[in-house]
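What follows is subunit A paired twice: with subunit B in the first complex and subunit C in the second.
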Partner chain A sequence: MAEPTEVYTSTHVLEYPYSRSVGPVIGAFLTGLREGKIVGIRGENGRVIVPPTEYDPETGAETSGFVDVGPGGVIETWAWVEHPRDDAPRSTPFAWALVRLDGADTALLHVVDAASKDEVTTGARVTAHFLDEGERQGRIQDLCCFQLEETS
Partner chain B sequence: MSDALETQDPVTMLSTPIRLDYDFTAGVAQSRSLRGYAEGRFVGQRCPVCKKVYVPSRGSCPVDAVPTKEEVVLPNTATVTTFCVVNVPFAGQSIEIPYITASILLDGADITFMGLIQGIPADEVRMGLRVEAVWVPKEELGPTLASVKYFQPTGEPDREISTFREHL
Partner chain C sequence: MSTAPQPKQGTRPVAIVSFAQAPTQRRIEQANEVELLMPVISEVYAQANMTKDDVDFVCSGSTDYLIGGPFSFVTALDAVGVWPPKRESHVEMDAAWALYESWVQLQEGDLDVALVYGFGKSSLGDLQRILALQLDPYTMAPLWPDQVSLAALQAQAMIDRGLATEEDFAGVASRSRRDAMNNPNAQVANDLDVATLLKEEYIASPLRRHCVPPLSDGAAAMILVAGDRAFDVVDRPAWITGIDHRIEAHAFGVRDLATSPSTTKAAHMAGVGEGDVDVAEIHAPFAHQEILLASALGLSSATTLNPSGGPLAANPLMAGGLIRFGEAANRIMDGTASRAVAHATSGPILQQNLVAVLEAAS
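Moving on, here comes the complex of A and B:
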């Protein structure tokens, strides 16, 4: 009988440094984030779509007219993340939430910062919290989270 | 209306790297070849049916579908069966171009593996060229094919293509 063989295992990392061109509409959204504000766009029926899209998702018509929205908004629905994975935006528990910003007709998926899931409720008011000006680079992480507004 | 578009420097590009972290488990047969590299030698396996020698060992013969249990230690000498001149620079390249990547047929083996050729100008490499493995210094040997620094010409006469045609 052959002697037992130690089996080798090694850790590999496969990584591709993709860049993508964002186009005029997502580009405006990201430019807005870099300036510390959230930008939506008007759809065919006047609805304000956030994040902005190049075409109205309901009618397919071209969208036009950027609109500033927020920074306040309302939680439409949410999911609590008790055990964040390594690539999560937070290392401590947080909520993913669909936030409908003031002035918007659609919701944006983002992080809600809360100490426990008992603090998060559908319909709760939240406010966008941005990185400091020098740290913003024109990406979704410039909007680091939404924080619950004081209700007392 | 938003004035977001009125900046002189709108965002046009976004960096979106994708990344996969994974563990590779080599298995018993391949681990034997890997251990061979750490010892500075090539270890393959012979098929009990067709008698072909596979290096690195994979644990079975793909033609006869039987386990390959007999271990075979192979020499450092080999023949270049075919090769490619790399002229294109790419991200992460560590070797000066042009360089040669060759299919290496170790003496006594029946399949080739990829190896780097050094010690000869790129335009002088040819099919049938006799080469030998140059290993890293003993203290740098590890369970990786990187233990072989490269293959260099031995100076022996070339092998006729007809003698290794079945290994191309």
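Moving on, here comes the complex of A and C:
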């Protein structure tokens, strides 16, 4: 077989040009973020699920009753990124973390701002920081990050 | 004469009788998906001394997100030939689940032979961005978390729980890539000790480069035969005596990431603990996940883990799980094992787990 001398390539952009409703539960969560607060929902055994879901993730039972949680919380686990990707929420080093907000029984994935890896530990307390009111659009990025609480 | 062992699930014994894979590479530019598959399909037929006329059912696993076009699996059917028409299906999952669908189809009793294949070229796009799209579209995907960082959350949870150390992760990577030196289909094979690996930089702490699977292009295919007819094809068919699939919650913030209850449940249902396990091929793309999964499967230190090198040596998306089944089946068919475990995973941070027990007939 002859060695190919040229590889044909082309750019292909895939788009889904439609919008969809987020529904009453995720909708309440995103609306809460626009108002600068975080809401969860009660699952079957009264545990509070954040972000809220329309069903209990363990039993499938319908959830009901929104609950305000946070803005403080605890780092359940984390990963320090020294060299962020271009699409990462931060252009400087940061930590991804699962944060269990005060009043919640599950954890939310988000960003922890810290000056260095040495500052981040499992169990550390953090507080949610939001964009300014005029910049919030009802999306997960309205919560811009978690910051470590002062320990003294 | 041997008789097929009765399976735990279903009523009809089904065996893997042949398996073929393309040598995995970082980037295969000179072959499209069909061209990548054709020699693999030819080889899997040749091993079984079959042609496509012998096949009753065809099932594939692949994802449109890699190629960036809808219904790309239909195009791939050119690799198996579309005339005369066959009963055919596809899963938008790793091809291990195409094996599972085929196993279910063969339980119906009217079909005897199934061809299963899977393919994926990670080189076509930015895999980290593509895999972020499997996350919750409202609360996670807009942040574009990459799969290495997500896996690192799990690895950190294991460290915090005292279940493993960074040295343990390096140990898995060192052994896997050393074993891969004997696997001609592997992509990353080398002989580096733990101390050397621990000098590498973190990609997302606590995961260093060696803890992370390679980006791979590859394809694999397999033939399943139901009933004693399998003995006509190969001396030691790899009988699927147990198989089960379990799923964790979609949002991993509700899970305990240091454990895998879905794997434990699937292993129990498949009967993993009902006999000695000679060899296990575990679909653990990240080094720490092999430790987590071996524990969740209930394997003892007597079991040889991933002698092929596993996903740390070659990780073609959508074929990597089927390759675990194929490598485990090869150990049965070549006589080096009598009872093997095959595992495949799908979704973020081990969300879905498929476990099977493969056995030689006694």
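Following the convention adopted for this analysis, the second predicted complex is superposed on the first by the 132 of 152 C-alpha atoms of A that agree within 3 Å, B and C clash if a C-alpha of one lies under 4 Å from a C-alpha of the other, contacts with A are read in each partner's own complex, and residues count from 1 in each chain.
Keep this in mind: a residue touches a chain if its C-beta (ideal position, glycine included) is under 8 Å from a C-beta of that chain, and two chains touch if they have at least 3 such contacts.
Since the structure is predicted, the reported quantities are computational estimates derived from the model, not experimental observations.
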Does the superposition put A:F66 against subunit B (first), subunit C (second), both, or neither?
first
Between subunit B (first) and subunit C (second), which, if any, makes contact with A:L148: first, second, both or neither?
neither
Applying the document's definition of touch, where does A:L101 land relative to subunit B and subunit C: first, second, both, or neither?
neither
Could you look at A:V126 and tell me whether it touches subunit B, subunit C, both or neither (first, second, both, neither)?
neither
Which partner chains sit in contact with A:L30 here, subunit B, subunit C, both or neither? Use first/second/both/neither.
both
For A:R139, select first, second, both or neither according to whether it touches subunit B, subunit C, the two together, or no partner.
both
Name the contact category of A:S10: first (subunit B only), second (subunit C only), both, or neither.
first
Determine, under the contact definition given at the top, whether A:V22 touches first (subunit B), second (subunit C), both, or neither.
both
Once the two structures are fitted together, what part of subunit A is touched by subunit B and by subunit C alike?
7, 12, 14, 22, 26, 29-30, 139
Please name which positions on subunit B make contact with subunit A in the complex.
1-2, 4-5, 7, 10-28, 30-32, 34-35, 69, 91, 143
What residues of subunit A sit close enough to touch subunit C in their complex?
4, 7, 12, 14, 22, 26, 29-30, 49-51, 53, 57-58, 76-82, 85, 87-89, 96-98, 106-111, 117, 122, 139-141
Taking the complex as given, what residues does subunit C use to touch subunit A?
29-30, 68-69, 128-129, 136, 138-140, 142-146, 149-150, 152-157, 160, 201-202, 204-207, 249-254, 257
Contact residues on subunit A for subunit B in the complex?
2, 5-22, 24, 26-32, 34-35, 37, 39, 65-68, 138-139
